[in-house]
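Take a look at this one; I'll ask things after.
To keep things simple, chains are lettered A, B, C, D, E and F as they appear, and every chain counts its residues starting from 1.
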Amino acid sequence: MATVQLPSDPEADARVRAVFDDIRATRRTEFVNNMWRALSFDPALLERTWTEVKELMASPTLLDPLTKEMVYIAVSVANSCSYCIHSHTAAAKAKGMTDAQHAELLAIISLAAKTNHLANGLQVPLDAAFDRGAPQ
Amino acid sequence: MATVQLPSDPEADARVRAVFDDIRATRRTEFVNNMWRALSFDPALLERTWTEVKELMASPTLLDPLTKEMVYIAVSVANSCSYCIHSHTAAAKAKGMTDAQHAELLAIISLAAKTNHLANGLQVPLDAAFDRGAPQ
Amino acid sequence: MATVQLPSDPEADARVRAVFDDIRATRRTEFVNNMWRALSFDPALLERTWTEVKELMASPTLLDPLTKEMVYIAVSVANSCSYCIHSHTAAAKAKGMTDAQHAELLAIISLAAKTNHLANGLQVPLDAAFDRGAPQ
Amino acid sequence: MATVQLPSDPEADARVRAVFDDIRATRRTEFVNNMWRALSFDPALLERTWTEVKELMASPTLLDPLTKEMVYIAVSVANSCSYCIHSHTAAAKAKGMTDAQHAELLAIISLAAKTNHLANGLQVPLDAAFDRGAPQ
Amino acid sequence: MATVQLPSDPEADARVRAVFDDIRATRRTEFVNNMWRALSFDPALLERTWTEVKELMASPTLLDPLTKEMVYIAVSVANSCSYCIHSHTAAAKAKGMTDAQHAELLAIISLAAKTNHLANGLQVPLDAAFDRGAPQ
Amino acid sequence: MATVQLPSDPEADARVRAVFDDIRATRRTEFVNNMWRALSFDPALLERTWTEVKELMASPTLLDPLTKEMVYIAVSVANSCSYCIHSHTAAAKAKGMTDAQHAELLAIISLAAKTNHLANGLQVPLDAAFDRGAPQ
């Protein structure tokens, strides 16, 4: 059950087919996950979203692929996006994340959440030293 | 202005002094930031919080120190903790994060937020393939 | 599975029945969705909530009905309320939201989330020009 | 700096004056905090908001006044509302919250945030026993 | 479906068994809920999490047990942690929360959310009187 | 105080200058707000962000300009982005939002937040009727 109808044959639309083909080629798998099927209700939105995800997450950039996935998981957990947590944990696993790394990632995410709430609850004033022009 | 009074001489309390000494020794700096001064209103809470932060963030673990700080920043941004964003960006900078890495980190965080909101707005159903027992 | 028991016959309670009758009359449908069934565990909470929703969302006000639903969806997505996203997307559809408008709404919501996270990550200082007394 | 102009003389409006008088009488203080001054840009919104806050937070109800303030603080911290954290911590202090109780409250809030992020990160499936009709 | 495999026999691991035994003894029930089964994928994370939860939530402290659960629920709702809302509402019920108290708790949580969004939308400036050193 | 240094002369960089020129031409004002100055620490991130904002928010699309700003404000409030709330409220004002419309917008945002927290607290199960294939 989604807020849009997942089309039974999304690739009947040529623009959708082109994006799905690129997803399969880029990821080297026949599997196209539901995020892209749902987005296919609007081919332009699908194209823009895939282009952006591909350029940052599926192309070589400064940060290594697993670090990028771990940052993505961290944001998705804090924003409580169930679908994204599942899909990016699967992606991190596919890129080699071990159970021990997964446990440490969750430990950092949850510790950060803890101190976020402590600092917000205390309304800790900013230190002048955090000013990047100031002497540290 | 905080929700607790930042004590003028927190180290008059022996337990607070011990924690502050450990912070200075662990971080090799005389600087103790306001988070710890605010927490010193309750020495037991200060001790427990520092112990936990030290073990995970200031000790060698599986993930490298800069990756850990970047995950911490990601959670803090998504939770909108202004103090934490400042303090952990400063920590990441101190551990060598370049401006280019910082820009890429922010690009990943904000792209994740974008697709989090898309997936939540669409209420995308989970793929059976995300089941870890299922064939990928 | 809810945190309260959904009563099998909520309208056995006269106050609940009165609210359900008003929901049906106001919306011109026999359908009463689960939100109101769940709230019927406490008739006073049900009455107050329906009164407030009816006055703002089911009565003529300054903003047009579809704009109001789109704002409601935007908040519900950002707060990750799965039930609310479904129910208010259904309401927007019933008020005429096309797929193209839905796609643009999701594009705006997700772009806002992206720049929210960018601005929070950068901790951009407020411009004096945003002061409503200042010259723009 | 607010998104509305704080009027220099809000009580020139009779409806605003009536609300401010009721705030002062209910709270037994001459002090009217900025939340109400900001809301006075729209007297109807001011009236509705004060009525609702007064009925639940400034009147005798089932839960005791300090417990109510602590719950309010908890939500405000998780929603990152700086103004609300300050105002409701001040209210809790005025109702007798000790520093030790404050510290414990912050410990619970931050532990809850920690396990919220753990459970979301793990996507823990619901236990059948949480179904209120099921045997515990 | 979780992001880690729930082991079929978690207690084959001695550390996991010790934690589960302590959960059963502390709570006086044979029931160990899925949160702990999921965490058993990493025995160290399981041990640390249980120890922390036990010390604060399952031991006598300043605040009474039901107040602590209500604060926990409040944070979990605001952070949109479905699992936590279910598990801590069940815990509050087990500690005697009546339906009337539950309704009032939800009323406070949702009113706080409402004024959080109002105050954030208005960007209400802090009152000098909230400064704990200032005269109230 | 930001997490990056706001350059004193950002337009010394030709790419930054081109973006700032386009901002000024598109908005017909000499004023370039701090968001763009902060983003100029990474010209590529600045370019991509401005391009995306311009295409959706500063160009004619399906939804009218004021509705788009109101949706943007709604998301920014729920995500607690202080800077974004200020900048987009200013933009909505510049596009003609009256005080009465502003008050109604805030009333909808805060009511949505209230029912989001109620529905999440109750964990209301989805109605089959929300399934877009089902009879309403």
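We adopt the following convention: contacts are C-beta pairs under 8 Å (C-beta built on N, C-alpha and C of every residue); 3 or more make two chains touch, one makes a residue touch a chain.
Here the structure is a predicted model, which means the values were calculated and not measured.
Traced through touching neighbours, the fewest hops from chain E to chain F number 1. Chains making contact with chain B as well as with chain E: A, C, D, F.
With every chain reduced to the mean of its CA atoms, the largest distance from chain C is reached by B.
Counting the residue numbers used at the interface between chain B and chain F, under half appear in both copies, so the two copies meet with largely different residues. Chain centres were defined as the mean of their Cα atoms; on that basis the chain farthest from chain A turns out to be D.
For the pairs D-F and C-F, the count of C-beta pairs in contact is higher at C-F.
Between chain B and chain C, the superposing rotation on Cα atoms measures out at 180°, rounded to the nearest 5.
Mean C-alpha positions place chain A and chain D at a centre distance of 33 Å. Each chain gets a centre from the mean of its Cα atoms; for chain A and chain B, those two points are 19 Å apart.
With centres taken as mean Cα positions, chain D sits 26 Å from chain B. Among the residues of chain E, those touching two or more other chains are numbered 1-4, 75, 77-82, 85-86, 100, 105-107, 109, 111-118, 120-123, 126, 130, 132. Taken chain by chain, the contacts link every pair, so each chain touches all the others. Residues of chain D touching chain E in their complex: 1-4, 6, 29, 31, 33-35, 38-39, 49, 52-53, 56-57, 61-63, 67-68, 70-72, 74-79, 81-84, 86-88, 90, 93-94, 100-101, 104-105, 107-109, 111-127, 129-130, 132, 136.
Chain A meets chain F in the complex at residues 1-5, 126, 130-133. Residues 80, 85-86, 89, 99-100, 102-103, 106-107, 117 of chain C are the ones that touch chain A when the two sit in their complex. Across the complex, chain C meets chain E through its residues 1, 3-4, 41-42, 44-45, 48, 75, 79-81.
Of all the residues in chain F, the ones that touch chain E in their complex are 73, 77-78, 80, 82, 85-86, 105-106, 109-118, 120-123.
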